[in-house]
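Here come two complexes built around subunit A, the first alongside subunit B, the second alongside subunit C.
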Partner chain A sequence: MIFSSIFFLYVFLPITLLLYFLMPKPGKNIVLLIVSLIFYAWGEPIYVFLMLFSIIFNYLTGMEIEAYREEGEERRVRFCFWLAVGVNLGLLGFFKYYGFFLENLNAILPFDIPYKELPLPVGISFYTFQTLSYVIDVYWGKVKVQKNVLSFGLYVTMFPQLIAGPIVQYSDIERQLKKRKTTLTKFGEGTTWFLRGLGKKVLLANNIGMAFDAINAIPKGELSVLAAWVGCLAYTMQIYYDFGGYSDMAIGLGKMFGFEFVKNFEYPYISKSITEFWRRWHISLSSWFRDYVYIPLGGNRVSTPKCIRNIFIVWILTGFWHGAAWNFMIWGLYYGILLCLEKYVFKSFLERMPEFLKHVYTMFFVMIGWGFFFSTSMGDAFGYLGAMFGMNGMPLVDSNARYYLMSNLWILVICVICATPAAYRWFRSFAFSRGKYRVGISVLLYGGILLLSTAYLVNATYNPFLYFRF
Partner chain B sequence: MIRQSERKIVNIWEGLKYACILAVLVFIGSLLLGEASSNASIEEVESAVTATMDLSGMEKASNRMMKRLYGLNANDYEGAVLYISTFNMDVEELLIVKVKDISQTETVSAAAESRKETQLTNFDGYGVEQCQLLNDSILNVRGNYIFFVVSPNAKEAEKAFLGSL
Partner chain C sequence: MENRRRTQYREKNIRYAERKEKRRRRIRKKMKKQYILSALLLLLTLSVVVIANGIKQDSEFSPTENRMLTQKPEMDWTTIQDGSFMTDYESYVSDQFIGRDWWISLKLSVDRLLGKKESNGVYLGKQQYLMEVLSTPDEVNLERNLNAVLEFQKKHSDLNFFFTLIPNAAYILTDFMPDNAPVRDQEEDIQRVKEKLGSAVTFLDVTETMRAYRREGIYYKTDHHWTSRGAYEAFQAMASGLLIENPATEYDIYPVTDQFSGTLASKSGYRKAKDTIEIYIPLGVTNEYVVYYPDEQKKTASLYDSESLNQKDQYEVFLGGNHAMVDITTTCEDNRCLLLFKDSYANAFIQFLTPYFREIIMIDPRYYYEDIENIISSRNVTDILFLYNANTFFEDNSLADVLISELDETVEETESSEQQTQETDAETETQTEQETVQTETTE
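So, the complex of A and B:
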C-alpha cells in the first residue's frame, strides 16, 4: 500500500485515525503497531514474517546486552552485538544482493549456478537500518534498552516511515514512544505536511515522470542532446518530488499521531556545492552513515589519506544501499570522488566562484549523477550520458526534443520554482497571513490539493513510487 | 538466588533468539525451494517461441510502441520483446518480458491483462474472431519470465516458451 492511493487516503487512513483517537492513551501504541503490521502485510503478506523476526530478534538482543553488561560480561556483550550486526546485515545482504552476486559469479564461471531471484521485501533497507541504529546505540550506551516489546515493535514497523523512511534513529524517537503530545495544532500541521507531500507526489512527480519515461523509451542512439537533457531534468524533478513528497507525507502522518520525525529534504536543488547538496538530500540516510560509519571510522579527525578512505567507504556503501547493480555502485563512487575533490582540491576555487555559477556547477553534476541512477545498467547509463553530450552522433535539437520540451515546459517551470524556498514562502504567506480569511484560504488551498490529487488518482493509471525498490 | 533466576531468563532469551534465527533460515529455505529464475536469454526464448508462430502479418514493435500499448518501459527490464499485427484489424500479439526483479512481474502481468481488456473493449460487438482469439490468449508467469500471446497458435507458442526456459 502506498500513501498516494485512493484506498489509503479514503479508507485506511480515516479508519486508523478513528481507532487511534478513540483508543485511550495506554492502547494507542498497540493500535499503531497493529495497523502498521496490516499496512505492511497488505503488500507483503509473506515478508511480514521477516519483519516480526527482526522485531523479536533485535528486542532480545537489546535485553541480552543489558543483562550481560550488568553482570560485567563484556565478551558476551560484544558477541551479542556482533551477532546482531551480522544477522541484520546478513538478511539485508541476502534479500538485496544475493541475486546480483550470483549473476556476476555466473558471468565469470564457465558454468551457470541456477538460482531463484527473490522479490525484495519492501522497506527492508529502511527498517534494517533502524534496528541497527537501536542495537548500536544500546551497545554504545547511548540509549536505554527498550523493555516493552510493543514499543520496540512500533519503532520498527511504524507505518508512516516504514516503506521509504525517513530512517528514524532510535535515540530520536525513544521518548516519543513513551510520551508524546497529540494536539489539534500539531494534527493540523501534520495534515498540511501530508497534503503538500501528496501534491508533490501526485501532481508534480507523476506528471513530470511521464515525460521522463517517454524520453527514456527512445533508443539512446536516437536521442538528441536537448531531448536527453530534458529527460534528465524531468527525472531530476521526478525523483525529488517523488521521494521528497513521500517523506513529507511520512512526516505529516507522524505529526498526526504525535511524533516528530527528522526532516529528510531541505531544498537540495538550491545547493551551491555537492557537499551542501548531500546535507540537504535524503538527510536521514546521510546522517545514519555519518553517525554509524563515518565517525566510528575516525571521520575527518584522522590523516588526509584515512579521511579520503572514510569518504569512499561511506559513498560506496551509500551507492550499494540504493541497489544491487553496478550503476548504483558507480553512482556512489562518483559522489565519493566529487566530495573528495571539493574538500581537498577545488575548495578555494569553488569558494571564489560567483554564486550563480556555483548553482550551475552543482546542478550539472547532480544531473549527471542521476544519469547513473536512473539507468538500468552501466551500458544504459553511458548510452544516455553519451547522448547528453552528443556522442551518439545525433544533432543538438530535433523534433522529439522540441515536442517534449514544449509539451512539458509549464510543469518543468512549476517544478523548478517549487524546488526553491521562495515558492513555499509565497504559498505560506498566501495561506496563513490573510487576517480573518486566513482559515478559509488555507482550507481552500489544501482542500484544492486534495481534490486535484484525488481526481488525478482516480483517472490516472500511472502512479509509481521510485524509492519502493530501495 | 536472584542472580540464578535472572540468568535463567537470559538463557531463555538466548534460546528464543537462536530459535528465531533457525526459523528465519527455514523461511528463506522454503522461499528458495519455490520456482527458480531462468538463466535463458530473452533472444533464446524469443526465437524458440517465434519459430512456432506465423509472423507474416506481424512485426517487432519499438520500445515506444510497447510504452504506448502496454505502458511498459522496455529499459526497466532485463529484456522485453513485443510483436504486434501490422494490420490494425488483427489482434495477434506476443509479449515476452524477462524481469530484473521478481517484484516487477506483477506490473507486467497487470499490463498484459489491461491490454487484453482494452482490445476486448475495442472489438466488442463486431470483431467476433478477434474477441475469440483474445479470450483464448495465454498469460503465463514463470519465475523471471512473463509470456503473453494472442495467436491461433497460442498453445504451441506457450509450449515452446516453457521448453526454452
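So, the complex of A and C:
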C-alpha cells in the first residue's frame, strides 16, 4: 500500500485514526503494530512472514547480547553480534542481489547456473537497515536492549516509515516508543507535513514524471540536446518530489501518532557543492552509512589513502543499496570520485568560485548523476548522456524539445521554485504575519492540495511510486 | 552624558527584545491556530468522504468512461494469498468513489490550466479537435501483410487490385495540432507501402486530397474516424482510379445527429465538443440495394442503422458497426463485383460505392476466419480493394492470415530454400489454425 492512493487516504487512514485515538493509552502501541502489519501484508501477503522472522530474530539477538554481556562472555557477545549482522545482510543480499549476482556469475562462467529471480520484498532495504542499527547500537552499548517485543516490532514495522523511510535509528526513537505526546496541535502539524508531501508526490512528481517518461521513450539517436536536458530536468524534479514528498508524508503521519522522525531532505537542490548535496539529500541514509560504516572504518581521522578508501567503500555501498544493477554501482562510484575530488583536489578552488557558479556546478553534476540513475543499462546511460551533449548528431533544439518544454513549462517553473526554501518561507510569512484571514487562507490552501490530490488520485491511470524498486 | 546614552541604548535594546518576543509569541499563536484548523480540516474531510462513500450505492457501469466498474471483491484465502483481493479492493474503492466523474473532470481542467496538450494518448488540439497519437508501424506484421497482398494478387492477376491508406487526423490536421507536437511522418510510411506494392496493385493515394480539404471538417473532432465529408472527398479523388465513370457529384446530405461524442472524447476525458454525423445520398443515379449480414442472417434495405443513434458509439450508424462480412447486392447494371478488405473507415465510405457495383462484399479481416477463395470463385469477383486508415493498418496483424489461408504452396515456392525448416513450422501452424477454425465453424 502506498500513501498516495485513494484506498490509503479514505479507507486505511480513517480506520487507523479511529482505532488509535479510541484506544486507551496502554493499547495504542498494539493498535499501531497491528495496523502496520496489515499495511505491510496488504502489499506483501507472503513476505510479511519474512519481516516477522526478522523482528523476532533481532529481538532475541538483542536479548542474548545483553545476557552474555552481563555474564561477561565477550566472545559470545561478539559471536551473536556477527551472526545477526550476517543474517540481516544475508537476507537482504539473498532477496535483493541474488538474481543480479548469478546473472553476472553466469556471464563469466563457461556454464550456466539456472536461477529464478525472486520478487523483491517491499521495504526490505529500509527495515533491514533499521534492525541493523538496533543490533549495532546494542552491541556498542549505545542503547539499552528492548525487552518488550511489541515495542521492538513497532519500531521495525511502524507503517509511516516502513516502506520508504526515513531510516529511523533506534536510538532516535527509543524513548518515544514508551512515552510520547499526541495533541491536536501536533496532529495538525503532522497534517500540514502530510498534505505538503501529498501535493509534492501527486501533483508535482507524478505530473513531471509523465514528461520524463515521454522523453525517455524517444530513441536516444533522435533526442535533441534541449529535449535531453528537459527530460533530465524533469527526472531531477520527479525523483526529488517523489521521494521527498513521500518522506514528508511519513514524517507527517509520524507526528499525527506522536512520533518525531528525522528530516530526510533539506532543499538538496540549493546546495553549493556535492558534499553539501549529500548532507541535504536522503539524510537518513547518508547518516546511516556515516554512523555504521564510515566512522567505524576510521572516518577521516586516518591517513589520506585510508580515508579515500573509506569514502569509496561507503559510496559503492550507497550505489548498490539503491538497486542490484551496474548503473547504480557506477552512480555510487561517480559520487565517490566527485566527493574525493572536492575534498582533496578542488577544495580551495571551489571555495573561491562565485556563488552562482557553485550552484551551477553542483546541479550540473547532480543531473548527470541522475542520467546514470534512471537508465536501465550502461549503454542506455551513455546514449542519453551523449544526447545531452549533442554527441548523436542531433540539433540543439527540435520540435520535440519545444513541445515538451512548452507543455510542461508551468509545472517545471513550480517545481523549480518549490525546490528552494523561498516558496515555503513566503507562505509562512504570508500566513503568520498580521492580518485577520491569513491563517484561514493558508489552511484553505492545504485543503486545496487535498482536493486536487484526490482528483488526481481518482483519475490515477498513472501513479507509479519510484522508490518501490529499492 | 555618557551614562545617559548608555541607559538609552539599553532601554532601546530591551524594547527591541520585547518586540521580538511579542512577535515570536504572535507567530507561535498563529502557527498553533493553523495546525489546529488543518487538523480539523483533514478530520472533517475524511469523515464526510467516508460517510458519503458508505451511504452511496455501488454502481455497476460508468457511462462516461464506458466500462464496467469494479465491484466489491469476495474475500477468501487464495485471493488474499496472491494479493488479488487487495488490488481488486483498491480499484473497487477508487471506482466507486463518491463523485468520481466530477473528480476526473476537475483533474482534466487543472491539466488544461497547466498547459498539458495530451491526455491518455490523445492530443488536445485547437478548436476542440481531439486527435489520436499516430501509431508506429509494426514492421514484422506490416511486411507480412504486404507480402500476403502481393501473393494474393499474383494468384488472382486477372482481377483489378486497388489499395488505399487513409492518413489520420494528427498527420493531416496540422492547423489544429498543438504547437510543436511530435508527429510521425505518416506520408513517408504510406509511400513505403506504395513502393512495396509496386505496379501490380493500383495504389490510390489520397494524402494530397485530404490535406487540401483539411479545413473542411473531414475528421470528427471527438472521434478517430473520418466524417462522411472526408470519405466524399476521398471518393471523388479515387473514382477514376477505381475505374468508375461519371461518379455522382450531387448529393443530398442529411445530418442524423449533432450530439456525437466519439471514442477520443471518452479516451481523453474532454467532452466539450459535439460532432454532427451526416449521411450522403447520391442524386441522379440508381442506388437500390439489399444489405445482408451473414452473421446475424439479417437483411435490410439500408446502409444506415438508425438504432445506433440511441447508443454511445453513434458512428455505428454506418452498417451498425464492424462485421466479419457484409454482402451488399445492388440493382447496378455494371457487372462489377467488389471484394473489399477494410477497417471501420470503410463503413462511412461504402455509401459512395453502391451505385457502381453489382455486388460489394466487405470483409473485416479482424473478425473473419473463413476461406476467402470460396468467395472469389463462387461470386465472380472482378475487383479487390483494400481500404484502411493508416493507424489501424500499421498495427494490423490479421490481414495476412485471411489472404494466405489457402496459399501455403505458393508461399513455399517463393521463399528461399534456406528457410525451409522455419516454413514447415509455419505451415503446420497455419494448418492447425485452419483446423481450429474448421472446428469452430462446425460448432
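Criterion: the second predicted complex is superposed on the first by the 462 of 470 C-alpha atoms of A that agree within 3 Å, B and C clash if a C-alpha of one lies under 4 Å from a C-alpha of the other, contacts with A are read in each partner's own complex, and residues count from 1 in each chain.
Here is the rule we use: a contact is a pair of C-beta atoms (placed from the backbone, for glycine too) under 8 Å apart; a residue touches a chain by one contact, two chains touch by 3 or more.
Just so it is clear, the structure is predicted and the values come from calculations on it, not from any experiment.
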Following superposition onto subunit A, is the placement of subunit B relative to subunit C best described as a clash or a fit?
clash
One more residue to check, A:Leu109. First (subunit B), second (subunit C), both or neither?
neither
Tell me the contact category for A:Phe94 with respect to subunit B and subunit C: first, second, both or neither.
first
Just subunit B (first), just subunit C (second), both, or neither: which does A:Leu341 touch?
neither
With the two structures laid over each other on chain A, which partner does A:Leu184 touch: subunit B (first), subunit C (second), both, or neither?
second
Under the stated touch criterion, which partner chain does A:Ala217 make contact with: subunit B (first), subunit C (second), both, or neither?
first
Which of subunit B and subunit C A:Ile417 touches, first, second, both or neither
neither
Report for A:Ile295: first if it touches subunit B alone, second if subunit C alone, otherwise both or neither.
neither
See if subunit A has more residues touched by subunit B or by subunit C, and give me that chain.
C
Listed stretches 78-86, 96-104 or 132-140 of subunit B, narrowed to the one that overlaps subunit C:
78-86
Taking the stated contact definition, name every residue in subunit A that is touched by subunit B in one complex and by subunit C in the other, in rising order.
46, 461
In their shared complex, at which residues does subunit A touch subunit C?
1, 5-7, 9-11, 13-14, 17, 42-46, 184-189, 191-192, 194-195, 207, 399-400, 402-403, 406-411, 431-432, 434, 438-440, 442-443, 446-447, 450-452, 454-461
Please give the residue numbers of subunit A that touch subunit B in the complex, ascending.
46, 49-50, 53, 56-57, 60-61, 63-64, 67-68, 87, 91, 94, 99, 106, 112, 114-120, 213-214, 216-219, 375-376, 380, 461-462, 469
Please output the residues of subunit C touching subunit A within their complex, sorted ascending.
26-27, 30-43, 45-47, 49-50, 53, 80-83, 86, 89-90, 93-94, 97, 100, 103-104, 106-108, 110, 114-118, 120, 178-182, 269
Tell me, which parts of subunit B touch subunit A in their complex?
6, 9-10, 13-14, 16-17, 20-21, 23-24, 27-28, 31-32, 34-37, 39, 62-64, 66-67, 71, 73-77, 100-103, 114, 143-144
